[in-house]
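Just so it is clear, A, B, C and D label the chains in written order, and each chain counts residues from 1 on its own.
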Amino acid sequence: MTEAGGEADPPFSHRLRVYWEDTDAGGVVFYANYLKFFERARTEWLRALGVGQQRLRDDTGVIFIVTDTALRYLAPARLDDELDITVRPAEAGRASLTLQQQAWRHNGGAAATLLCEGTIRIGCVAAGSFRPVRFPTQISRALSR
Amino acid sequence: MTEAGGEADPPFSHRLRVYWEDTDAGGVVFYANYLKFFERARTEWLRALGVGQQRLRDDTGVIFIVTDTALRYLAPARLDDELDITVRPAEAGRASLTLQQQAWRHNGGAAATLLCEGTIRIGCVAAGSFRPVRFPTQISRALSR
Amino acid sequence: MTEAGGEADPPFSHRLRVYWEDTDAGGVVFYANYLKFFERARTEWLRALGVGQQRLRDDTGVIFIVTDTALRYLAPARLDDELDITVRPAEAGRASLTLQQQAWRHNGGAAATLLCEGTIRIGCVAAGSFRPVRFPTQISRALSR
Amino acid sequence: MTEAGGEADPPFSHRLRVYWEDTDAGGVVFYANYLKFFERARTEWLRALGVGQQRLRDDTGVIFIVTDTALRYLAPARLDDELDITVRPAEAGRASLTLQQQAWRHNGGAAATLLCEGTIRIGCVAAGSFRPVRFPTQISRALSR
């Protein structure tokens, strides 16, 4: 459940289902929705680190924003598929954090299929003004654990 | 361009295109998205009445919220279809407004096809607290024109 | 976990989280997204009855479509809220099914808050042609259990 | 209206509005939605080249898929903002096409603000099988005009 360590540790993983809302007329998951899936996993990863984003905002006025995304689409997912979305922190600065994420199709007992992978960079800003701020200490502490 | 009058007047109408983002694996527009289409048309109808919602919020702290929706789906729309979304005010209270809306598929020169119709009730609330407030006078004045 | 019986039985319930993707600039869940939440719960309810929609389509060429929705919005949900979405079948015809659904905010130990409720009518159609068909026997059997 | 030429030509541009559906609880456009905005502009760019995607699919069984996206977010957009989304083809292969796209906030008479920019790579596949195919000649011809 921790991602602090080396490549050897298994990354944090969040399981979700594909519903009608996620698909498009190609019969598969609409590519933009992987950004949503990746964010759900980041949110749960933060929650596992003890960070609730609504509480963080209420307490400190700070919100996370996404500043860069780079995704590669390898295979499609369909309705009812179960996906595992992983989160691996790659680089942490004072006011930014880069994460590597992947979406895998869970195939029952068989080997999973990598559907999409990419890099997401997030920053820390004051809600309202969007002025960059340093990561709250609770976050830095959680990440360096 | 005005909806103030009787049933005889043609209703306000907003044209839009169906894009990939709007479709689902059934090959047609995902039904929940008609609520988005209806709202785009209401927003443009308000703008035609001189009401910009972001400016209204900045000036008065008031936002509109949707309190009731009832939609009936009659025929599907597909990628690249051009739709005309209509807005007809049906009933106005002090802090609420009921609108009748329809989505029509534009078929070039031929008669349009009714795809979806319904009733949307909106209310006026203070942003943040969501406490009901009376419609700002600029709105009531615009509606009673 | 069964919805076959009378009002006395607790309805089927599906828990989900509110993520950034679900919210709008009002700071709360965008009202159209309750249709998505309701559908996720219906999908899980069908799955609990042994019906997978992708497999149903692959096996029989049949898909479900939504033909009527009527929703009432009572209170807003915010980022990180945990919601319980309920499903209660109300009326079943040969080619249609009406369900009553509610969204409740889970408040830890305290009483839950009803946020949204409504009625959804679904029909059964042949994928592609959208011609109405009778509910596959596996569905009727599951519903009459 | 053509982007075939050198850097000197102004790129194809598509104007759109920001509606409630596009925003999130940060009070600004949800970052994933720029992928939707970029796609709307690509769709209109293709249409201006004489290519309708639904007709292409009906006629040839071919659909476009997105295989890579890389976006950088520079400034936020808010409700009611008018955006200009540009499309500039950067590199064309036999079965893939790379486009550079930007989102600008239209500021009335004043200089526009660059909000988001990135690179989108699309491929051509057979609908259903998702097997890569060469771009239909009508596309190659349109692009080399």
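What we mean here is this: a contact is a pair of C-beta atoms (placed from the backbone, for glycine too) under 8 Å apart; a residue touches a chain by one contact, two chains touch by 3 or more.
Please read these numbers as outputs of a predicted model, since none were measured by experiment.
**Student:** So, comparing C-alpha centroids, which chain is the farthest one from chain A?
**Tutor:** Computed centres place B farthest from chain A.
**Student:** With chain centres taken as the means of their Cα atoms, state the distance from chain A to chain D in Å.
**Tutor:** About 25 Å separates the centre of chain A from that of chain D.
**Student:** Compute the distance, rounded to whole Å, between the mean C-alpha positions of chain A and chain C.
**Tutor:** Chain centroid spacing, chain A to chain C, equals 27 Å.
**Student:** Report the inter-centroid distance (CA atoms only) between chain C and chain D in whole Å.
**Tutor:** 34
**Student:** Can you list every residue of chain C that touches 2 or more other chains, as numbers and ranges?
**Tutor:** 20-21, 26-28, 32, 36, 39, 78-79
**Student:** Which word fits the touch map of the chains here: line, ring, star, complete or other?
**Tutor:** If you draw each chain as a dot and join those that touch, every dot ends up joined to every other.
**Student:** Would you pull the chain C residues touching chain D in the complex into a rising list?
**Tutor:** 20-21, 23-28, 30, 32, 78-79
**Student:** Considering the complex alone, what residue numbers of chain D touch chain A?
**Tutor:** These residues of chain D touch chain A: 26-28, 31-33, 35-36, 39, 63, 65-73, 76, 127-128, 130.
**Student:** In the complex, go through chain A and note every residue touching chain C.
**Tutor:** Per the touch definition, chain A meets chain C at residues 17, 19-21, 36, 39-40, 43-44, 47, 52-55, 57, 78-81.
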